[in-house]
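Next come the structures, one after another.
After this come two complexes, each holding chain A, first together with chain B and then together with chain C.
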Partner chain A sequence: MKSLDPRVKRLPEIGTGKRPSAVDIHDQFETFEVFVQPKPGKPFQHEGAIHAPNLEMAYIFAKENFTRRFTCISLFVVETRNVHVSAMTEGNQNVYDVLTQKEFPKGEKIPHEIFHLIKRGKQHVQVGSVEAASPDEAMAAARKQFDTGAVVFNIWAIPKKDIRYTSSDEADLWLTLPEKKFRDATDYKGGQKLKEFLDRSK
Partner chain B sequence: MYGGGNTFEGIKTDSLAQEDPIKLSEFEARIARGEKIEPKDWMPQLYRKQLIRMIEQHAHSEIIGALPEGTWITRAPGFKRKLALMAKVQDEVGHAQLLYSAAETLGKTREQMIQDLISGKSKYSNIFNYPAFTWADACFISWLVDAGAIVNQLANAKGSYGPYCRALDRICAEESFHLKYGHHCVIYLASGTQKQRSMFQEALNRWWPPMMHFFGPADKISAHTEVLMNWKVKMSSNDDMRNQFLDMYVPKIWELGFTIPDPNLKKNNATGKWEYSEPDWEEFRRVINGDGPCNKERLEVRRIAEERGQWVRNALRSRKNLYVAPLA
Partner chain C sequence: MNEVIKELLYKIADDQLILGHRNSEWTGFGPLLEEDIAFSSMAQDKVGQSLALYQILNELGEQPPDTVAFMRHAERFHNCILTELPNGEYDFSLVRHFLFDTAEFIRFDMLRDSSFQPLAELAHKIHGELRYHILHANTWIKQLGSATKESISRLQVSLDDALPYAMGIFEESPYEQELIAEGIFGGEQMLKERWMTTIEATIHHTNLHLPAWNSIVPVLGGRMGKHSVHLQPLLDEMSEVFRIDPTAEW
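After this line comes the complex of A and B, so read on.
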C-alpha cells in the first residue's frame, strides 16, 4: 500500500480492498466484569467490562486496560453471566424491601461476594460476603447482614468460585506503576523552557 | 480523541408519538433531576439510537486516531519521547475498549460496530483522514487535537447516560497527560532551531483547516437538536465548543510566536466570541464521505488487522460460552 507510514508500507497485501467477510457473531468473545481495589482497606468496586476468550485472559486484559495508569492493589474479574443482578429501584425504595422470596432450594452453601449500588450513576461497591446455596438465597442472607435501612438501589451477588482473584504472589504487579513518570502529566513541566524562550524573544 | 462534528446529522427524527407518554415524561423528569440513565432503565428509541451512534463514533475515533500518531513511534526523537508516545497511543486504544463496552450496554455488539467501521458505514472523527508528514504533525495532534477532544469530552461527561459518563471520567483523567506532553513537545520545537520552528509552523498551517472542522458545522436549530439537548445527549453546540477551544488555545499558540493561517481570526471583545473565516464545509463533507487523503489507508489498516487476527481469535474462542451484554 502507498503510505507515509513505513509500517503500513511493509504490510502484506491480504485480499486487498475486499469487504470484510461475515464474521462469527461471537468473534469478539464473551464479556467479563472488572473489579478493582484502589487502596488497602478499601472495598472493591466495579470498573467496567472487558472482552476475552477465557477467565485468565480476561484478567490480563483487565490489568492492562484498567490498572495501567492508576495505582491499585488488587483486581478481580468474573464472567458477566455469573454476576447475579437484583431488581433496580429508585427514589427512596430500598431494593431489600422488594426481595420477597423466603423459601430457597436446599443445597450446599457456597460463599458469594455481595455488591451494593448506593447512588444511581455511580459504581457498584463490595460490602462483604455471605454463604448461600443460590444467588437468590445470597441476597436474602445479605439482607440480614448488610441491610442497614439506608437505601440500596441494586444488589449483585457473585459466587466466589467463579471469580479470578489476584493471588498474594501477584500483588507486586502494580509496584512499578509509580516509577513510570513518563505517563504522568506532572512530568511535563515546560514552564522554565517557555519562560526562557519568551525572555529571549522580547 | 473525538470532536463530535458529524454525530447529529443524517438521522431522521423518529416520531416520539409512538413512545408511551407516561414513561417518556418519567424519563425526562429523571434527566431533569440530574439523575443518570442506566442500561436497564426504560428509554425512548431515539435516545438509544443516538447514543449508540455517538458512543460508537467516539470509539472508532479513538482507534483510528491512534494511527497517525502511531506512525511516529518508530521515529520519535529520543527514548523519552518514544516511551511517552507509546503510552499515549496505548491509552487511545484502551479508550476505544471502554467506549465499545459502553455502546454495547445499549444493545449493539462489538462485532457489528467493527464491521460497520471497516465497511465505511460508521464514521469517525474526520481529522484523522489527514496525514502526519513530520514529527511536528504528531506534536500538533498530541497537543491541539487532544485539547479539542478534551473540550468535547468534558462536556459529554456531564451527559445523561451512566456508562458513557463513567467511561469519559476515566478517559479525561488519562488525557491530561496527553495534553501536557503535547504542549511540552511544542515548547521544545518553538524554542529550538529555526528549522524546528518552521517545521511546527508548517504543521500548524496544514492542520488548522481540519482543526476548525473538528467540532462540526454550526448546528441547525431544529426541534430534533432541542430534544437531544433536553435529554443531555448533546451537551453543547458545535460553535460553542469551537469558541471555547479557540479561547483556550489561540493565545497559547500566539505566545510561542506562531502564526495561525487565518487573517480573519480575532476575538470580538464586545461579544466574547471568536471571529474567523468560514471553514470550507464542502471539503469537510467530501472528506467525511470517503474522499480524503488517508481515508482508504486508515480503513485498510483496520481491515488487515482484523483479518490477520481472525485465526488467533478462532483458535482461542470457546464455543460453549454464550455472549451477554456487559452490565454497566
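After this line comes the complex of A and C, so read on.
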C-alpha cells in the first residue's frame, strides 16, 4: 500500500508472506522520560515522556511541554531505555520483598537515582540515590536505604550518567513562570464570559 | 534624555512584538508536536516582553501598550526588517530565531548593567527566558546543521538569505553616543561584535559555513521606519479585532 503515513508503510503486504521491514532510524524518534522538581526541597517526580532525536533535544522539548504552566524549579530527562524497572507487584505486596537477587557481578560502582511508585496510577517519585555497579544492585542497595516497610509497588533505577540535568546556572529558566497564569486553563473563565455575553444579549 | 531612552525601548519592544507575532503563526503548523508547543510558548514570551517594554514607555508618557501595539502604522514601527519577514519554511524560521535571539540575549545581558533602572530590572528578570530561547535555537542549529544532506543544505540556504537582514538588527540609533555616555546601553557596535563571535562559535559545531562578515551587505531601514512590504499586512491582521472594537475581550 502506498502511503505517506509511516505506520501504514510498515504494514506487511497482504498475501505475500513478507515480514514487515525493519524500522528506519530516521522514521521515528526514541522516547525520553521527563522528571520535574516542583519546589526546593521536594523530590523530582515523573511527569511523562517526550519524543526526540537525542538527549539534548529531549531536554529543550521537555522544558516547554512539561514545565510551561505550573511553577517548578528544575527538570531532567533520560532516555527511556536507561530507566531500569523492577517487577510491578499485585495487591499490597511490597516490591522490596520480592527482590531476591543477592549476588551481583563485580564492577565499578556508579551513582543511580532511585524512584518509588507508592500510589497506583500516580507518578514515580524520587527517593534518593545509591552507588551500585548495575541497576539490579542499585535496587538491592535501595532496599537497605529506602525500604521502610511501607508498600512500594514498583522501583525505577537510573544511572546518573545517563541523565541530562538542569545545571545550576540554568536555575533561572523558570523565574518568570509564576507570572504566566494565563497558561493555566482554569485562568480562562469561559463559562463566566459566556454568561456575561448571554446576559448582555437579552 | 527621555527621547534617547524611548528610541531604545521602542526598537526593542517592536522587535519582540513583531517577531513574537510572526513566530506565533507557526502555532498548529510546527514540524513536530513538541516543537510546535515550544515555539509557540517562546512566541508568547516575546509578546510578553514587548508588553513589559511598552509599559515602561507608558510610564515615560507614551500611549498605553495596546494603543502603541495596535494603532501605529508600519512607518512608526522601529523593528528591524528581519523580524517582519514571512516565516517561509521552518528552516528559515529556525535560522531567524537563532540569529535574532542570540542578539536579543546579548542585548539584554548588556542591559543588566544599564543606568536606566527599569530596563536593568527587566533584563535581570527575563534572563532565564532568553537563556532558554538561545538554548533551544543553538540545540536545533547544531542538530540540523550536522544531520543530513538535506537539513544542512536547507539551513545553509536560509542562513545565506537571512544574514543581510540580521545585520540590520545592529542599525545604529541617532543617539548611540548619548546611550553609551550615559551608561544606558553599550551600543550597537559592541553588541554586533559580541554577536558575531557567538554566532561563529555555534556555527563552528556544524557543517554550515559563514560567509566573510565584510562580504555581507546589511539590509537597513527598519529602525527608521522604512520597512518591507510584509510589515503592514502583519499589523493589519494583528490589530484587526482591536480596530473593530477596542473594548473587546476574549
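Criterion: the second predicted complex is superposed on the first by the 153 of 202 C-alpha atoms of A that agree within 3 Å, B and C clash if a C-alpha of one lies under 4 Å from a C-alpha of the other, contacts with A are read in each partner's own complex, and residues count from 1 in each chain.
Please note the rule applied: contacts are C-beta pairs under 8 Å (C-beta built on N, C-alpha and C of every residue); 3 or more make two chains touch, one makes a residue touch a chain.
Keep in mind it's a predicted model, so treat the numbers as computed, not measured.
A.B. asks: Examine A:I73 and indicate which partner it touches, taking first as chain B and second as chain C; both and neither are also allowed.
C.D. replies: In the superposition, A:I73 contacts neither chain B nor chain C.
A.B. asks: One more residue to check, A:A185. First (chain B), second (chain C), both or neither?
C.D. replies: It touches chain B, and chain C stays clear.
A.B. asks: Answer with first, second, both or neither: which of chain B and chain C does A:P53 touch in the superposed model?
C.D. replies: After superposition on chain A, A:P53 lies in contact with both partners, chain B and chain C.
A.B. asks: Is A:D5 touching anything from chain B or chain C once the two structures are fitted on A? First, second, both or neither.
C.D. replies: first
A.B. asks: Could you tell me if A:K193 is touching chain B, chain C, both of them or neither one (first, second, both, neither)?
C.D. replies: So A:K193 meets both chain B and chain C here.
A.B. asks: State whether A:G121 touches chain B only (first), chain C only (second), both chains, or neither.
C.D. replies: A:G121: touches chain B, not chain C.
A.B. asks: Using the touch definition from the top, say if A:N65 reaches chain B (first), chain C (second), both or neither.
C.D. replies: It touches chain B and chain C both.
A.B. asks: If we overlay the two complexes on their shared chain A, which of chain B and chain C does A:I110 touch? Say first, second, both or neither.
C.D. replies: Once the two structures are laid over each other on A, A:I110 reaches no partner at all.
A.B. asks: Applying the document's definition of touching, compare chain B and chain C: which contacts more of chain A?
C.D. replies: B
A.B. asks: Hey, what residues of chain A end up touching chain B and chain C alike?
C.D. replies: 26, 50-51, 53-54, 57, 64-65, 68, 180, 183, 193
A.B. asks: Residue numbers of chain C touching chain A in their complex, please.
C.D. replies: These residues of chain C touch chain A: 32, 34-35, 37-38, 41-42, 44-45, 48, 125-129, 131-132, 135-136, 139-140, 143, 148, 249-250.
A.B. asks: Which residues, counting only chain B, touch chain A once they are in their complex?
C.D. replies: 30, 35-36, 38, 40-41, 67, 70-71, 74, 80, 83-84, 87-88, 90-91, 94, 97-98, 101, 104, 109-111, 114-115, 118-119, 131-133, 162, 165-167, 170, 173-174, 176-177, 179-181, 183-184, 187-188, 190-191, 255-257, 297, 300-301, 303-304, 306-308, 310, 313-314, 316-319, 321-328
A.B. asks: What residues on chain A touch chain C, complex-wise?
C.D. replies: 26, 50-54, 56-57, 59-61, 63-65, 68, 170-176, 180, 183, 193
A.B. asks: Tell me, which parts of chain A touch chain B in their complex?
C.D. replies: Residues in contact with chain B: 1, 3-8, 11-12, 14-17, 19-20, 23-31, 33, 46, 48-51, 53-54, 57, 64-65, 68-70, 79-81, 83, 85, 88, 90, 120-121, 123-124, 156, 180, 182-186, 188-190, 193-194, 196-198, 200-201.
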